[in-house]
Amino acid sequence: MSSQKTALVVSAHSADFVWRAGGAIASHVKQGWKVKVICLSYGERGESAKLWRQPNMTLEKVKYVREQEARAAAEILGADIEFWDIGDYPMRISDEILFKLVDVYRELQPKFVLSHSERDPYNFDHPLAMHAAQEARIIAQAEGHNPGQKIVGAPPVYSFEPHQTEQCGWEPNTFLDITDVWDTKLRAIQCMAGQEHLWEYYTRVALQRGVQAKRNIGITAKRNIQYGEGYMKLTPAVVEQL
Amino acid sequence: MSSQKTALVVSAHSADFVWRAGGAIASHVKQGWKVKVICLSYGERGESAKLWRQPNMTLEKVKYVREQEARAAAEILGADIEFWDIGDYPMRISDEILFKLVDVYRELQPKFVLSHSERDPYNFDHPLAMHAAQEARIIAQAEGHNPGQKIVGAPPVYSFEPHQTEQCGWEPNTFLDITDVWDTKLRAIQCMAGQEHLWEYYTRVALQRGVQAKRNIGITAKRNIQYGEGYMKLTPAVVEQL
Amino acid sequence: MSSQKTALVVSAHSADFVWRAGGAIASHVKQGWKVKVICLSYGERGESAKLWRQPNMTLEKVKYVREQEARAAAEILGADIEFWDIGDYPMRISDEILFKLVDVYRELQPKFVLSHSERDPYNFDHPLAMHAAQEARIIAQAEGHNPGQKIVGAPPVYSFEPHQTEQCGWEPNTFLDITDVWDTKLRAIQCMAGQEHLWEYYTRVALQRGVQAKRNIGITAKRNIQYGEGYMKLTPAVVEQL
Amino acid sequence: MSSQKTALVVSAHSADFVWRAGGAIASHVKQGWKVKVICLSYGERGESAKLWRQPNMTLEKVKYVREQEARAAAEILGADIEFWDIGDYPMRISDEILFKLVDVYRELQPKFVLSHSERDPYNFDHPLAMHAAQEARIIAQAEGHNPGQKIVGAPPVYSFEPHQTEQCGWEPNTFLDITDVWDTKLRAIQCMAGQEHLWEYYTRVALQRGVQAKRNIGITAKRNIQYGEGYMKLTPAVVEQL
Amino acid sequence: MSSQKTALVVSAHSADFVWRAGGAIASHVKQGWKVKVICLSYGERGESAKLWRQPNMTLEKVKYVREQEARAAAEILGADIEFWDIGDYPMRISDEILFKLVDVYRELQPKFVLSHSERDPYNFDHPLAMHAAQEARIIAQAEGHNPGQKIVGAPPVYSFEPHQTEQCGWEPNTFLDITDVWDTKLRAIQCMAGQEHLWEYYTRVALQRGVQAKRNIGITAKRNIQYGEGYMKLTPAVVEQL
Amino acid sequence: MSSQKTALVVSAHSADFVWRAGGAIASHVKQGWKVKVICLSYGERGESAKLWRQPNMTLEKVKYVREQEARAAAEILGADIEFWDIGDYPMRISDEILFKLVDVYRELQPKFVLSHSERDPYNFDHPLAMHAAQEARIIAQAEGHNPGQKIVGAPPVYSFEPHQTEQCGWEPNTFLDITDVWDTKLRAIQCMAGQEHLWEYYTRVALQRGVQAKRNIGITAKRNIQYGEGYMKLTPAVVEQL
């Protein structure tokens, strides 16, 4: 097995990984990691409003455009990407899909996992994706699931930032400095042609999280942080130094 | 200023730092850190039951014994220790004491701070000590408090483990591996002659936290953890890698 | 489209809308609104104890009686009512039923939605009905669901009062004055022949909520409130004046 | 109907009832109760790591060994036991299984019910088992479910102790003194040959809960408690004396 | 020391113990207990609106009337009562008062303690009274406080019912059947001439809690409960049978 | 008494009301309201870092500059302003100050009150100011406080937005559209010469809250909202229409 470190991103819709975790992906790729993104759906029904306002639009066309955009963004970020096309609004996750996700864990052996918040009153697909990400992780740890395969350890699980954080009970206990890769993330964001209104929104999010990260290392710190991403780490850390 | 890293422990009573943070102290001292312990009181009224059952006991004698024990423990752990003797059951913290604690922050410039849980229905001195630890930290960050002094940054704040964790709303999001220094912690614990019943209790706590730490790195991990301490980190981390 | 304002009530069992939202229905109808009630089930298995104690009772007879009572109550309140007969104890909601509820949203375009509390340890059908009410609302907002239909905006969602409020985590952040329509609500309540023991119970609820409403406008206020209904608004308000 | 008091234990995997409720079972059996344990699965995939590390292991062999161990433990504790073999990691509960559990409630008429915590981020089978235990209890109370059968009253529901209590939001509001039956519980624990690492872990749990129980009756109490089990009672008590 | 069991009620204002705990007091007195009520204030500023609307009213007159009413109520209930007159709106509790409350604990050696909810956004005196009740209890357990006195054990602490329960985070986990003593409680309530509007309010509260208590023992139970009081038990139970 | 509607803003430090409630103030003033701002302190020690970095700075000079800035901002917003100079970092509120705030309530008879979040781990002055705002409101409702004065009713209480919302448990349940007065708020913000780094930060906050407000009325709504302020309403609404 390669010594390259790996990470897994489980994205309910095909653009989520860009807005919410694009900085983390670009940053870890830059540090030599392999990052794999699973897009469970294209967000074709619920998150493609602009496309649907075009004449003669069909579900297939929406999916096609959304896939092109997401592929372009993933390429810019340096991530591997898969599209599972399981449908959205509402998303439903069969055991077959769940086991397929277990297979990804087993093969990738990720050092950490990123997915949505555990609660989101504005979007029921998001918590479901996170639920599957966690359930698959637990099954991937079970010796009796596909015995003989290498089981996974206990990769930390992080929730990336939802749209309306406070309503989701999402509290960022981890700020990632993405200043170095902000240009990359911005270019990836700009692949999302159907959701231009969100470009500025998530640029402002990155700036706010940057200011907050700076504040949380103290104004006396030398490190200059301009852009950040917030994460809610759900699993305990095990450390040798506090 | 020395380049030695420093940490601050705010202990309501003179034995708390031993049971609850002895491993962290010994471990960081072993790694070259300077650790300072402030014992706000001796626990002379509320946590010295055994001493009080001896004949002819007085408050002064209790304090004397408790100080000797705590000094011995601190020495074993390698910590600097101060006794502020502000009284217990009930503890009251004046602004004078608060500012004295601010001075400690300013002088020590700690990289992290350890104190009690923010809630403890069994012990009102504990949350009060934590409250003071946090309030002093905030004041120590204020440019207008004793202008000219070097302000502090944003040292992370951790709650160490209370006696009945679940009743205190204390959830360990950080496990510290103390296997290497367990012998040291145990010797420090054994200085607490008045509270022998707690020796075994906190040995078991360390073993349980060790098992849990092991579980949280995954059973496939090579690292062997036998003894642990649990901490609840209250402040966000700022990181460059997840 | 008519300019008449509309509201939607999603009721797990056929009597819930009467006890819990009868005042809101009567009041808005009186103010010229159209209010539509969806009874997902008759509560035929779990909330018809008295009927089952009669000799020779069958499921069909229970449903028949429950429907007659609910129709009579709806007529008194002035509401449109539909019975979907999906079964209770346990209730299960298929995607087909979910989409049928989406259709109701799309057609009715409600200004607000009322349903159960999000948690109820005494009754699992209730939170499920609310979950469906919210999920259907989200799907009804999605441009890609039945493209071409008029999507819905963001109608506020309210939980009406469960039987044991505190156990359900239900907190009334909105009190509706139903003094003017109390007589109507009481007559509707009295249609529920199988549950006489609840008539007095919910009369007392209305009086208590009336007293509390009065207290929350201040005892100096001139408005005389005798009867009230409590609601937990789950969605943020958007206002031009605080 | 016999006047013997009865209790029901719903265990997700075949060893859970031993670690988590063995003391309660042994104690009530000793006091003349009949206690019935339903093992929904054997924990054959997710909780049998040691067995899977043996050569030529198969799912059937794992199940066989797990059943033998659990039967031996149940016999020592004095409990009736049933194995429903519905699978684990992930567990799924069909309505058929749910109704079978309702039948158990109706027939057993338990005075209380024990199952898992309502949340467990490390184990999704556990909360699911508790959910079924509660949903079945509600259906068993419904007059319209299998009319003519004797419905159940409102047996209190308790969560027994999960592995990492704080992460599960589990707070012990009830301590059961199991000092008298500790030997029995320990012998039952020792039937679990595949999980020896947990013998000591749960012995320490029992000692800690014993110390805490002692503390919660006050150090002046005469009762000597050495071993305890913690429970989280989810349902209100109805009493004639506080 | 007498073998009579005792209980302590800490009431912020002179009428609170009647509305909120009158049933518990009467019931335990009837069962042979001694119950002591400490009224920290008369509620003379904040809970005597009707008196203040009379002409020529003074603070002393208000206090006098309130004391007469409370004494009459206590006599009907069979409780001992003390008035400490420490002022209300805002209430402030000095260490002197706190230690006086400790003395009461030490002398009375209560088997349980009743006071207010820990949170009440409508009334800041109430949580303060509960805080003092708990802090005094902890100090009364400390061997080093007035050494030589008999320390107290760990009497359970209950919050009685606040006016708007849901806003106070108060959840009744214990229902006390007060049917037998309801007449007594009602007569005590009727001593509160200044607050007639609350007579009916708290009669309805007792009826609702009675219905809920009945529901929580199950509709199959033979016990007939008409009137109840709800309590939130804050401290764990230690039991020999679940 | 004038029929002009009034509102009260309790600001811990002299700039808080600008960043956090400037839009609400300007908007209500524009709608004909009188808005009064109480600045409890100047934020002279804890929120004037930039001033303290100037040579020869003194506490008096800092206060002077901060007052000039706040006065200028208040004038732009159209608010009345008072400076109470009670000190910051740490703030302490005496009963004398509390009663002075009660007098303000009594005289102003505000229709609503704005202050800080009830929790803020980064700033202990903020929750204290809100606590005083609420305690003074309760006392102002008490007939027995300064009898003869007109008591206040039950003005709603809102928490304005803290710096790191999620860490403060602050959830915006009310969005105020401030698009019409954004220019005014921005000019007021620009009076805060010592905190230029916050100008952009709070401009971005206003834009984000504008987007969220728009989303919460639904994308089909005609109303164009560009800038918003978020509030957490702590008190229940009493309404005649949902």
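Residue numbering begins at 1 within each chain, and the chains themselves are lettered A, B, C, D, E and F in the order written.
The rule we apply is simple: contacts are C-beta pairs under 8 Å (C-beta built on N, C-alpha and C of every residue); 3 or more make two chains touch, one makes a residue touch a chain.
What you are looking at is a predicted structure, and each value in this text was computed from that prediction instead of being measured.
Undergrad: Mind listing the chains that sit against chain E and also against chain F?
TA: Per touch definition, common to chain E and chain F: B, C.
Undergrad: Going chain by chain, each one touching the next, work out the least steps from chain D to chain F.
TA: 2
Undergrad: Among all other chains, pick the one whose mean CA position is farthest from the mean CA position of chain D.
TA: When every chain centre is compared against chain D, the largest gap points to F.
Undergrad: Comparing centres built from CA atoms, which chain ends up most distant from chain A?
TA: The chain farthest from chain A, judged by C-alpha centres, is E.
Undergrad: So which pair out of C-F, C-D or A-B basically repeats E-F, with more than half the contacts the same?
TA: Interface equivalent to E-F, from the options C-F, C-D or A-B: C-D.
Undergrad: Report which interface contains more C-beta contacts, comparing D-E against C-D.
TA: If we tally the C-beta pairs in contact for D-E and C-D, the bigger total goes to D-E.
Undergrad: Give, as an integer number of Å, the spacing between the C-alpha centres of chain D and chain A.
TA: 38
Undergrad: Need the CA-centroid distance for the pair chain B / chain C, whole Å please.
TA: 53
Undergrad: So which stretches of chain D touch two or more other chains?
TA: Touching at least two other chains: 49, 122, 141, 167, 172, 212, 215, 219, 235-236.
Undergrad: Is the way these chains touch best called a line, a ring, a star, complete, or other?
TA: Other.
Undergrad: Just spell out which pairs of chains touch, all of them.
TA: In this structure, the chains touch in these pairs: A-B, A-C, A-D, A-F, B-D, B-E, B-F, C-D, C-E, C-F, D-E, E-F.
Undergrad: Any idea which chain C residues touch chain A in the complex?
TA: Residues in contact with chain A: 95, 98, 134-135, 138-139, 141-145, 147, 234-236.
Undergrad: Provide the residue numbers of chain B that touch chain A in the complex, in ascending order.
TA: Going by the criterion above, the answer is residues 7, 24, 27-28, 31, 112, 114, 141, 150-156, 158, 172-177, 212-213, 215-221, 225, 231, 233, 235-242.
Undergrad: Which positions of chain D touch chain B when the two form their complex?
TA: That would be residues 49, 122, 163-167, 170-172, 197, 200-201, 204-205, 207-208, 211-212, 215, 219 of chain D.
Undergrad: Would you pull the chain B residues touching chain E in the complex into a rising list?
TA: Within the complex, chain B touches chain E at residues 44-46, 48-49, 52-53, 57, 59, 62, 89-90, 92, 121-124, 167.
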